[in-house]
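There are structures below to look over.
Presented sequentially are two complexes of subunit A, the first with subunit B as partner and the second with subunit C.
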Partner chain A sequence: MGLKTLLKSGVILDLYLYKNNRGAFISMLLWPYLMLSLMLGMGILFGSPEAFRENIGLQVDPIIYFVASTLITMASLDVMWGVGGNVLFHRWIGTLPYILLSPNKTSLTLVFTYIPRYLLTAFIQIAEFAPLILIIEGPIQGLYKIGILIIAVTVGMLPLLGFSALFASLLLTIKEETNVLSWLNPIILLFSGAFYPAYLLPHWARLISQLLPSTYTIELARTAALIGAPKLANITFLIGILMGIALVYNMLAYLVVDIGEKKAMKAGAI
Partner chain B sequence: MFLTRLKAILWLHTLRLWRYKWSFLNMVLSYAAWIFLFILGALLFVPGEYLDIAVKAAFWTIVAWNIISMFSSLIGGWMHFFISLGMVEEHILRGISPFKTVLGRVIPSFSIITASLLFIAAILNGVFKTNVLQVGDPLLLIFAFLLLVVEGLAYGLTIAAISMKTSIPHNMLEILNFVVIGLLMVPAHSLPEVIRVAYLCIPYVAPAHLAKIATSLDMPILFGEALTISIIEALIMSIIALYTIKSSEKWIKKNGVRAIGFW
Partner chain C sequence: MSHEAAITVRNLKKNYTTYLRKGLFKREKKIVEALKGISFEVYRGEVFGLLGPNGAGKTTTVKILSTLLLPDSGEAKILGFDVVKEAAKVRKVIGVSLTVEKGFFWKLTGRENLTYFGMLYGIDGEPLKRRVEEVLDMVGLKNLGVADKLYEEYSLGMKARLSIARALITNPEVLILDEPTLGLDPPSARTLRELLVKIAHEERKTVLVTTHNMFEAEIVCDRIAIINEGRIIALDIVEKLKESVADNISLEIFALLPANISVKTVISAIQNKTGLLSDAFAENGGFRIKVVIPPKESDEATSKILRLLHEYKCSVRRVEVKEPTLEDVFIQLTGRKGF
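Here is the complex of A and B:
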């Protein structure tokens, strides 16, 4: 069974998932705008965009800032639940032993069957926000910023996949998996600077945020919020960091998932 | 007999709360983390000198929303689990309403709300050097939250009863909860005078307005109107819940449980 077959199975699974769960599909379309409205609504009710720029210390558009934040928050959650949580899903429906027994490595199966879903969901969400960005920024700047967001969700996905596969290996070996994943996700987002920039966090929190791949993905996406055209050097620098982290996390995942898998099989945890 | 049944229900939910202690801790932690994440984002808009007022306003709005969403999701949502176990039929055969057992979910709901809010208050007080728990009128605040609890409970039981007969899309309930938080945030004094009373008539808004007056976060306008509307609304919602429960029980005895619940 090649990687092409794994990707194909992922695509078919997703298409049928949306076809058979229309309610979930509609709510997936509504969620990003609800999150954005909540943040902007609360913010504008309690303060002002001028105070926002002063607090951030950058000339940014608050709407695009939160569009980028919401998009990456949703994408990061999607990857963490999609790869990490997939182990739980397969365990619950009883298909985890088949995945472990299949000729491909578990980490590869988890990652490659998930990639189509991630790309589909991320691009649907970008398409949803695209009209808003084009209205605020105008056609040329808007397209440029949509391009940055596309790069952020695709390049940013690479280290997150490895990071989440590491999560998956942890979930293979521990009990109370859902209880770990549920609170760990918002805490990771908090340290990554999902809505509140990581550079404004206390020093000790910044040290943690530097280790998280989502921090750089969020930073990259947020360059789209800068008023005017963002500098290309900043974008390429962040892409470089993401590629480097992707290499480290994916290599680690490749090694560690095997250990987690063996441990789980030995303990009869599957 | 009544006391024995009551004791059994209370024992069941207390024991479950203890046995699922990791789940309880997880809910407290994850609620606190999510809320903190959103509050931090919203506070980016606030000038430094108004931060303590904004933190307090955000905190109490979220408390109100938490009560509503917790009672609807933990009580209403538990019906799916209860139906899946086949416990509805068991309870009916033994002459006890399954809704009375579901009502016992008040214990975990209340425990999670209290623990998570105290945790969030501690974090906010520590980070923003303020005291979000310092309120102007604690008695009015307790009364306002009691009314919110009654309304939230009535709503939770109504959807639980409806879910016996037809499916309830869980995602849509979550979306509805988001709409509610949006409504709760709007201060009554910022609205044109002609629509203020109409605004208070929206479920949950009047008790939330009373809570805002108690915490000195909104002007003490329309106090009498908000109080009257809250009490009438709580009564109407309770009557609707009781009627839906009775009608669902009658329907189940005639047609059986459709085992749909939430999805």
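Here is the complex of A and C:
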């Protein structure tokens, strides 16, 4: 069976879900601004833009910084929930055996049916923030940064897909019914430098951070947000790292999900 | 119906490992033997019933045949494809329904759910559209006018029909249905049984259906395998199975019990006093007590049972002697008093 049909099944599932569940669509639209408002609100309440610049050590607009952080954090969370948590979701609603009965490999089914939803959500959220970025940065600088953000959420997604598929395999094997991801996700984001720059973390934590694909996705978005005009070499370097990690994690996921599925099928976990 | 095997199962064994928690940090490993080496064949075009109580191994068998569970040993083939070594090929020729009360997206309509699963199973474009309409029609959801209703608004009967529709979406040669009428009200269960027979005969599908409902097995299945504690204890056409206990008499007594006496007490007393196994079903405010009695002992056993009921101050309203049913076959073969 073609991967095109698999991708298409993901597209129609999302279209149907949003069509029949407008509340979910509206909350998806509101969510990025709610998160941004919360972070900026907290910042203004306990500090000021000047204090922020002083702490960061760069002349950067806090709004742009948090827009980039919000987009990347949400995209990273989305991938981890969308692929990793998908196993849980399907188990809860009872569709898991029928998903596994698809003639495709489970890792491909989990990843390919999710990609359309991710792209749709990520691009809608970038589009939502685009006017704000253009107003603050001006048209040329703004478009440049929007471009880098688009690259960050698309290229940054690639290693995260494999990384999250590994979680899916774990959830499949251990017949996990509880929400491991709900406490694991913030830890991963913390190590990835989503809340504090990764270079501020202790040495041992930095070692973990270097293994996490989300670290490089966040770094790419930060480069765009913090530096007025980041050098192409910097961006290319980060994209290269992301592509390399993507290859490793996705190949690993391709093998491990298969092993996890076999283990789950042996134990009767499906 | 030919005698060419569509499903072949040979000496299939499966153990589950479970852990019993003993305190905060200790747990005890327990091995549960779900299948103890079952063998059977399902012929092309027949409706084959796997009949047994809860925990007999029906769902384990179904899951192995559906490629969702790996056996410990033995062999199972569907249309010649090994369920372990050629799982992908098996998936292409089977349609599966595991539960009727869930397994779909709640915020999608019946039609949308079928379209999604159709695509997931590799059908697309016009053939998919056509097939979705066909199966909706086949299972009667179109006639009921609910194909475009959200799944969350479906009744259990409609959900069961949709589950069969999904199993049919790829037009598979073999259908594997695990308790398709479980939890349905009698009219819905009846409609679904009729549907199963229609699909099997008109669409020429091989159907393996599990059930613990003997009445259902009797009217739906061409052949039945009775499975108990992981073993197949009988396999034949219904008539032959009944013949195996034809010498016995099935005694049915309808009685009202006093408030302080439980039906369990009465059943145990019958067994202690006569050595015969019996079963009881609630009926019109009282109980229908059913006992299978060897013919030689019939007079003596009947009077013993009636005396016992009198001792317990049960009010006997009706006593009937009946032809053996599949239920009697089950009681005789397993020594179990119903499911």
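Convention: the second predicted complex is superposed on the first by the 264 of 270 C-alpha atoms of A that agree within 3 Å, B and C clash if a C-alpha of one lies under 4 Å from a C-alpha of the other, contacts with A are read in each partner's own complex, and residues count from 1 in each chain.
Note that a residue touches a chain if its C-beta (ideal position, glycine included) is under 8 Å from a C-beta of that chain, and two chains touch if they have at least 3 such contacts.
Just so we're clear, the structure is a prediction, and the values are computed from it rather than from any experiment.
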By residue count, is subunit A touched more by subunit B or by subunit C? B
So in the superposed three-chain picture, is A:Lys8 touching just subunit B, just subunit C, both, or none of them (first/second/both/neither)? second
Between subunit B (first) and subunit C (second), which does A:Ala51 come into contact with in this model arrangement: first, second, both, or neither? first
Mind working out whether A:Thr95 is in touch with subunit B, subunit C, both or neither, as first, second, both or neither? second
Which of subunit B and subunit C A:Tyr16 touches, first, second, both or neither: second
Interface with subunit A, subunit B side, in the complex: residues 22-23, 25-27, 29-30, 33-34, 36-38, 40-48, 50, 54, 57-58, 169, 171-172, 174-175, 178, 181-182, 185-187, 263
Contact set on subunit A toward subunit C in their complex: 1-2, 5-6, 8-9, 12-13, 16-17, 20-21, 93-95, 97-103, 109, 113, 262, 265-268, 270
Contact residues on subunit A for subunit B in the complex? 23-24, 26-27, 30-31, 34, 37-39, 41-49, 51-52, 54-56, 62, 66, 69, 176, 178-180, 182-183, 185-187, 189-190, 194-196
Residue ranges of subunit C in contact with subunit A within the complex: 16-17, 60, 63, 66-70, 88, 91-92, 96, 98-99, 101-109, 112, 115-117, 119-124, 150, 166
